[in-house]
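Next, two complexes with chain A in common: one pairs it with chain B, the other with chain C.
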Partner chain A sequence: MTLLQLVLNGLVQGSLYVIVALGLTLIFGVLVKINFAHAEFLMLAAFAGVVSIDTFNLSYGVSVLVATLVGASLGVAIEFGIFRPLRKRRTDELRPLVATVGVSILLQNLALLYFGPNPRQYQSPYMQKTIELGELYLSYQRAIVFVVAVAAICALFVFLRRTAPGRAMRAVSQDSDAASLMGINVSRIVLMTFVIGSALAGLGGGLLGPMLVIEPTVGANIIVLSFAIVVIGGFGNVNGTVIAGLLVGIIESLVTGYLEAGLSSLAIFGVLLLTLAVRPTGLIAERVEQNV
Partner chain B sequence: MFSSLARQQWVRSSLPVLVAAVVIMTAPSLVTGSFWQRVIILALFNVVLAMSLNLVIGYTGLLALGHGAFLGIGAYTSAVLTTTYEWAFWAAFFVAGITAAACGLLLAVITLRLRGHYLAIATLGFAVIVYQVLMNWIDVTRGPLGIPGIPTPPNIPLGNGTELDFGLPAAHIYLAGAFAIVCYVLIRRIVNSPMGDALRAVREDEISAKSLGIRTFAWKCFAFTVAAFAAGLTGSLYAGYMGILEPSAFVLTVSFTLLAMVIVGGAGTLVGPVIGALVLTIVPEALREVGPEYRMILYGLALTLVVLFFPQGLVGIGAALRSRFRSSSRSKPDEPPSDSTGTGFAKEVPVDAS
Partner chain C sequence: MTRLLTLEGVTLAYGNVVVCEDITFHVDHGEVVTLIGSNGAGKTTTMSAVAGLLPTRSGRITFDGVDITSMPPHLRVRLGLSLVPEGRHVFPFMSVRENLLLGGFRFKSSPKEAASAVAEVLDRFPALARRANANAGTLSGGEQQMLAVGRATMSRPKLICLDEPSMGLGPLIVAEIFSIINEISAQGTTVLFVEQNAQYALRTAHRGYVLQTGRVIASGTSEELRHDQRVKDAYLGKVRA
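The block that comes next holds the complex of A and B.
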């Protein structure tokens, strides 16, 4: 494969990682908490997509919608089940992370129990057809994934910059006490963040699904990559996450293309540790983080 | 000879060790099935791993998510040295511990400027890197094929003509048990000494600790290195017991189960991780008949519920019951047990909502 082809594949893959990682980043920005079960939402959403096609004969487009909705509802569930109770008890900041590690193990194995260990195929009619652009090849699926991902990212940016709830979300992210004094209903904003962030994970599941085999461990592979992206981009930094996500997609594609598939996560986590050692605030330092 | 107080202290500190020793000595004759003997050995390994991780999470308040990586480093170091280079087991055992400790120190130096979530992610990344190295460094680790034919520890002569035969699981129970007891005693010494005070000071308030002249960075490195050393030694024993190693034994899930043992048992207490490791190793094995998924479901459920409802773990539940019982029977206010006041893996302070 040519260099350009590899970069193109990387960009497509990266745009998906961006969607998943943006959910994590949004939640971290607003709450300064990590939802470790984020990628299990992706996995369950992908299974929901598979079921809606295989069992209910829905079209691929509708199945992506179902996946997104499943993601959003899981976001609501984890906010009410884990994050809000722990917030009320004013426990330390890391406890939700540990609790959601538990949720992640739980969801993964419940899925194993219910769906079995055999991988399922997420049917999409767009996997077979390809587009040719000169020397470059792109399956319809990848093209659709890229367009939808970019559209979702743009929509999110418009939402954050131009709408009242989006501005409120950024305000809470900067200083939730001050935001609360300005009359912003912080807990409503937090809930909204979980809905949007988890819907993005669900959307990621619907889009990524046909390009993978869907099995209960699919989330575990993605969550660590998403964390790497979130850290490389700077926790809570939306712009940084987009750049880091695309970068990680391209690194993965290049390393897999020129060297070996197994080395790609070594390269990515090497970059992660390097970032943490040299520039812990991420590629684009928005502000000095308290945690560093 | 002893004053009554000194005798009481001696009893309190030695009794658990003696009881544990007796239990371990009799275990192979009480539990004869090879399946349950294997469970006991793995439980004892987990006890050491959980105790050492607790030093980092519970006492120093650093959320490290990649403890399984040090187990893997130790196990593979030992396995490669005893097979490819035909080293003696005990030499490989110590080198395994030292290699893991060196990696722990390296990770600490790189990441311990970071706190909270950043440290959690960095240690997670480290665990992924170690797993990928085990998978991809084919020349040394044979990658996914694994390393077969790892020798057991050499038989130990017992003096009276018999010897401890490591071809039998009983010998492994004795070895793992003795190792666990030694680790328990050493960790207790650390925790009950001024070193333990320094670690707890770092956990409670790093800036205040620094202002008191405690070299917080050095102490954090110390906790990391000791924990990695213990995990590396455990890895070597694990390799010697299993006889075959595959990278899949050191996936992230291993680190998460260790985290669950510490938190469920009670982080920041001495016995908490021991109880957590025993309960979370033995109970899930009893469920294996029902289905392998239930084992991990139990882990996930236990971890989530304990964090939500019993932040001090099983030990905290026990202490609460005991104090309720005592105060109702004697109506005397009960002083908190000196070591179970640790609130968990990090300080319990109201966070500003930012």
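The block that comes next holds the complex of A and C.
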């Protein structure tokens, strides 16, 4: 494969990582909390996509919508079930974190119980057809994934930069007390963040699904990469996450193409360690130090 | 004159540590009232409770006839109560313009209306107009304080509360901030402010309350307080610290 082809593949894959990682980034940015069940949201959304095609004979496009809605609903559930009650009790920082690890294990095992250990195929009619652009090849599926992912990222940017609720979300992430003094209902913004962030995990599940085998642990691999991306991008920074996600996609593709697939994780986590050593704040540092 | 804000027997605590006890004071429509006292007297704690950032342990807070004792901060803003917090708390990674837009968040106004409200504030603060597109975190302390005040006026409050508006600022800027406070008052907004610098405070305010170790120990018109021995003590207390 040519260099250009590898970069293109990497960009497509990276755009998906960006979608999943942005969900984590938004939640971290606003709450300074990590949702470890994010991976399982992706997994359940992918299963929902599979079921809506296999059982309900829905089209692929509708199944992606279903996956996104499932993600969003899980976001609502974890905010009301875990994060909000723990916030009200003003517990320590670690408790919600540990609770989401519990939710993650619970959801994986529920999926195992319900869907069984056998991998399922997420059918998409666009996997076989290919677009040719001169020397470059791209399956329809990947083209769709890329277009939808880029559209979602652009929509998120417009939302955050140009709309009042988006601005309120950034305000909460920079200084939540000051945001409440502006008349912003911080609780509602947090809920909105969970809905958007988790919908992105669901969308990621729907888009990525056809390129994977769907099983209860399918989220785990992707989420580890997503965490790496979030850290490389500068914890909680949206621009940094986009750059880091695309970078990770391209590194993975180049290493797989020129060296060996098994080495790609090594390369990515090498970059992660390097980032932590050289620029511990990530590519773009935009978090507020505690103002006293 | 009618009461705009009243605190009756308010007790405030961080965890089990009681910081303010039995705080009672009021602010009438159109007044400029100051809370003075030395470091650690409980002024900022009291202001946090007025804005709703700190829950009230006991006692009652009413604003414009409404009991707001357990009302969350964002709803108090919608009633017309605005706080310029200690340390300014501008949104550092947003432009001056965006900070001002957030100040008017409660109106859910159209982009056009919002832009004209921002333009109005920028007109009043030429120093901010020059930096309108700069990130608030890059402004000087004085500019940030003006932004924080301008942002608070964006919600068109009935009562604007300022917590230590002069903190960390040079004398020229402090004079400017106090002239802004006078201007806000002249335009019909009621003002409550906390100040360590008792001289400045009593020159600007109509009335004042003196806080010491979490209690109101004196109150009166600015003229009366200027000659009060306890005020001189509180003021001296600040110098010693």
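One rule holds for everything that comes next: the second predicted complex is superposed on the first by the 286 of 292 C-alpha atoms of A that agree within 3 Å, B and C clash if a C-alpha of one lies under 4 Å from a C-alpha of the other, contacts with A are read in each partner's own complex, and residues count from 1 in each chain.
One rule holds in what follows: a contact is a pair of C-beta atoms (placed from the backbone, for glycine too) under 8 Å apart; a residue touches a chain by one contact, two chains touch by 3 or more.
Treat the numbers as computed from the prediction; the structure is a model and nothing was measured.
> Consider chain A as the common anchor and indicate whether chain B and chain C clash or fit when overlaid.
With chain A aligned, chain B clears chain C, so fit.
> Check the residue A:186 against both partner chains and state whether it touches chain B (first), chain C (second), both, or neither.
Once the two structures are laid over each other on A, A:186 reaches both partners.
> Which partner does A:164 reach: the first (chain B), the second (chain C), both, or neither?
A:164: touches chain C, not chain B.
> Report for A:16: first if it touches chain B alone, second if chain C alone, otherwise both or neither.
In the superposition, A:16 contacts neither chain B nor chain C.
> Go through the superposed model and pick first if A:74 touches only chain B, second if only chain C, both, or neither.
neither
> Of chain B and chain C, which one contacts the greater number of residues in chain A?
Of chain B and chain C, more residues of chain A lie in contact with B.
> Which partner does A:177 contact after superposing on A: first (chain B), second (chain C), both, neither?
both
> Given the superposition on chain A, what is the angle at the CA centre of chain A with arms to the CA centres of chain B and chain C, as a multiple of 10 degrees?
90
> Figure out whether A:246 sits in contact with chain B (first) or chain C (second), or with both, or with neither.
neither
> Under the stated touch criterion, which partner chain does A:103 make contact with: chain B (first), chain C (second), both, or neither?
first
> Name the contact category of A:92: first (chain B only), second (chain C only), both, or neither.
first
> Please work out whether A:222 is in contact with chain B alone, chain C alone, both, or neither, and reply first, second, both or neither.
neither
> Considering only C-alpha atoms, give the closest distance between chain B and chain C in the superposition, rounded to the nearest Å.
9
> Using the superposition on A, tell me which residues of chain A are in contact with chain B and, in the other complex, with chain C.
Common interface on chain A, chain B vs chain C: 175, 177, 180, 186, 291-292.
> Tell me, which parts of chain C touch chain A in their complex?
Residue positions touching the partner: 51-53, 72-74, 77-78, 82-83, 85, 87, 89-94, 98, 101-103, 105-106, 108, 151-152, 155.
> Show which residues of chain A lie in contact with chain C when the two form their complex.
164, 167-168, 170-171, 174-175, 177-186, 286, 288, 291-292
> With touch defined as at the start, can you tell me which chain B residues reach chain A in the complex?
63, 65, 110-111, 113-118, 120-122, 124-126, 128-129, 132-133, 135-136, 252-253, 256, 259-260, 263, 291, 293-294, 296-297, 299-305, 307-308, 311, 344-354
> Could you list, by residue number, the parts of chain A that touch chain B in their complex?
28, 32, 34, 82, 85-86, 90-95, 97-99, 101-110, 112-113, 175-177, 180, 186, 220, 224, 227-228, 230-231, 235, 260, 262-263, 265-266, 269-270, 272-273, 276-277, 280, 290-292
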